[in-house]
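Paired with subunit B in one complex and with subunit C in the other, subunit A is shared by the two complexes that follow.
So, the complex of A and B:
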């Protein structure tokens, strides 16, 4: 009954149960400690620049310089109030969203008889479907409370918004920008959130 | 008829005596307890699979491509839901022909509806997106996704990495357990 084995067994199972309860308590504490961060993004301007061909296109045999869209924007993101003991880091990103239309695949054409105009400016009718595009333009991983405040004007997009075939986004398109975040906890479930949409019409200048 | 029942009862007693001679109740109890633990773990895992609608609801991070968020040895819980994919989601995808599934973040979504969603992913710690990993595909569709990460426990999977990657640790742990069972009983 009181052999070394039985004692070790009891002790290890107690440690495991207590550890699991502690983890659950820490994970649940996020629910009470969570605060909304302050987020705002505003479009400033966009321009098309020529850059050397990317690695992917060089490999494919095309060494032509590529036209890339660079979007500049103002960003305010303050996570200092939202930071608590169960936050390991925060992934914050600026996302551009817009719609385009494309020919509906055969047999899957929309049944709607009237033309539909979406909030992002793309129109669809019987033969066309609306395609939603969401692209991360800029992102950062914030790892400490000291750097949890971003007040930057004139930030430039890190990733050039483009379609899967490498083509640029349409330059005359109504778009929206918004800030998204994902709180990565030490233990527990991820928390997602986003700012209000900032609508604008992309009028890119050629440089 | 009565004599046959008596004979059967007699036979039962003999079997019981011989069994109790062969193995004591203590060992039988231990074997049942071990089986119970294994069955409980299996049932728990199967229930998780069912609830998460996912063949591997728990994965261990093996590389540093998602640093500083995900470290080697962290455990991630995966969930499969019909909710639309969003930028910022962390997904696990599997390309046919590649042995190890990849866990990275969605940075682009193109969608005509949930069924036709196509995504581009990137590791937080990588400089370029995952296009070279897609084996010639431009984007990934939902068919390649194993699940969406919804939560984590740090370092809880490090033992499995040690057991899988280091032969010395594996044999040391198994040897220690065997020795323990011999000497402590």
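So, the complex of A and C:
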């Protein structure tokens, strides 16, 4: 502390350490300020529509109109109670999930016995593995408390649910819908959560 | 800066820092604005550094008194 440089060195490092402590305190405040958001989603109807081919398919030479699945649902998401000073953004998405079965690969029965489903009287040769599919139908980024309430009926899916190989999802299968959210804080750890599952059978109408 | 001045500067800084911490946190919390926390903390810290780092006259009020030089022995 005998010279200006020595004081500057000691005091500036102290300011930085205290600043880091301040940010930790802000991050920890999320632990007691966080409230569970109110989330509810309900399926209304689904229909298969034909739409013009996208740019990618036009370039590839196949200008055939494509069948797309449009899912309509009601959504109630209230993040006003969950919003506090350390929330920067909330990413909300509506996710559809369903299961399919496929033949278990060689050796998978022994490695993951809990996921193997064997039909009645089947031998070990035709065992099947349950595959879970999760598809985002709709999403939104909420960036202020004023828009933290979403009460919408008859929302349409923004993204058409498809498999990774481009094939349509099966239209007669039991499915579930749920809301997932991810809270982006200003400082600190991300928070994830989801609503209860809403089960339904797709039964899509062709139009 | 004399020895008493160094002690005073350190003391002022040690009081100002926790004060900056508490005041900036409370200001940000009450205004529900995390950016305000950092702005307030940076502002109070900058003022406290400005007060404590330079050798202001208030830190030089007690200069060391040196023992007077003994009379030279060339007259002996």
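FYI, the second predicted complex is superposed on the first by the 181 of 207 C-alpha atoms of A that agree within 3 Å, B and C clash if a C-alpha of one lies under 4 Å from a C-alpha of the other, contacts with A are read in each partner's own complex, and residues count from 1 in each chain.
Basically, a contact is a pair of C-beta atoms (placed from the backbone, for glycine too) under 8 Å apart; a residue touches a chain by one contact, two chains touch by 3 or more.
Note that this is a predicted model, so its numbers are computed, not measured.
Considered on the superposed subunit A, subunit B and subunit C are sterically compatible, since they fit side by side. In the superposition on chain A, A:93 contacts subunit B only, with no contact to subunit C.
The superposition-derived angle at subunit A (between subunit B and subunit C) is 40°, Cα centres, a multiple of 10. In the superposition on chain A, A:4 makes contact with both subunit B and subunit C. Set against each other, subunit B and subunit C differ in how many residues of subunit A they touch, and the higher count belongs to B. Of the two partner chains placed by the overlay, only subunit B lies in contact with A:134; subunit C stays clear of it.
By the touch criterion defined above, A:26 reaches subunit C but does not reach subunit B.
In the superposition on chain A, A:184 makes contact with subunit B only, while subunit C stays out of contact range.
Of the two partner chains placed around the shared chain by superposition, neither subunit B nor subunit C is touched by A:196. Remark: least CA distance from subunit B to subunit C after fitting both complexes onto chain A is 10 Å. On subunit A, the patch touched by subunit B and the patch touched by subunit C overlap at residues 4, 186-187. The part of subunit C that touches subunit A in the complex is made up of residues 1, 6, 9-10, 13, 17-18, 20-21, 24-25, 28-29, 32-35, 37-38, 41, 45, 48-49, 52-55. Taken together, the subunit A residues at the contact with subunit C in this complex read 1-2, 4, 7-8, 11-12, 14-15, 18-19, 21-22, 25-26, 29, 84-86, 186-187.
Of all residues in subunit B, those touching subunit A in their complex are 68-69, 86-88, 90, 105, 107-112, 118, 120, 124, 128-129, 131-132, 138-139, 149-154, 180, 184-185. Residues 3-5, 23, 27, 55-56, 88-89, 91, 93, 95, 102, 129-136, 139, 141, 143, 159, 163-165, 180-182, 184-190, 192 of subunit A are the ones touching subunit B in the complex.
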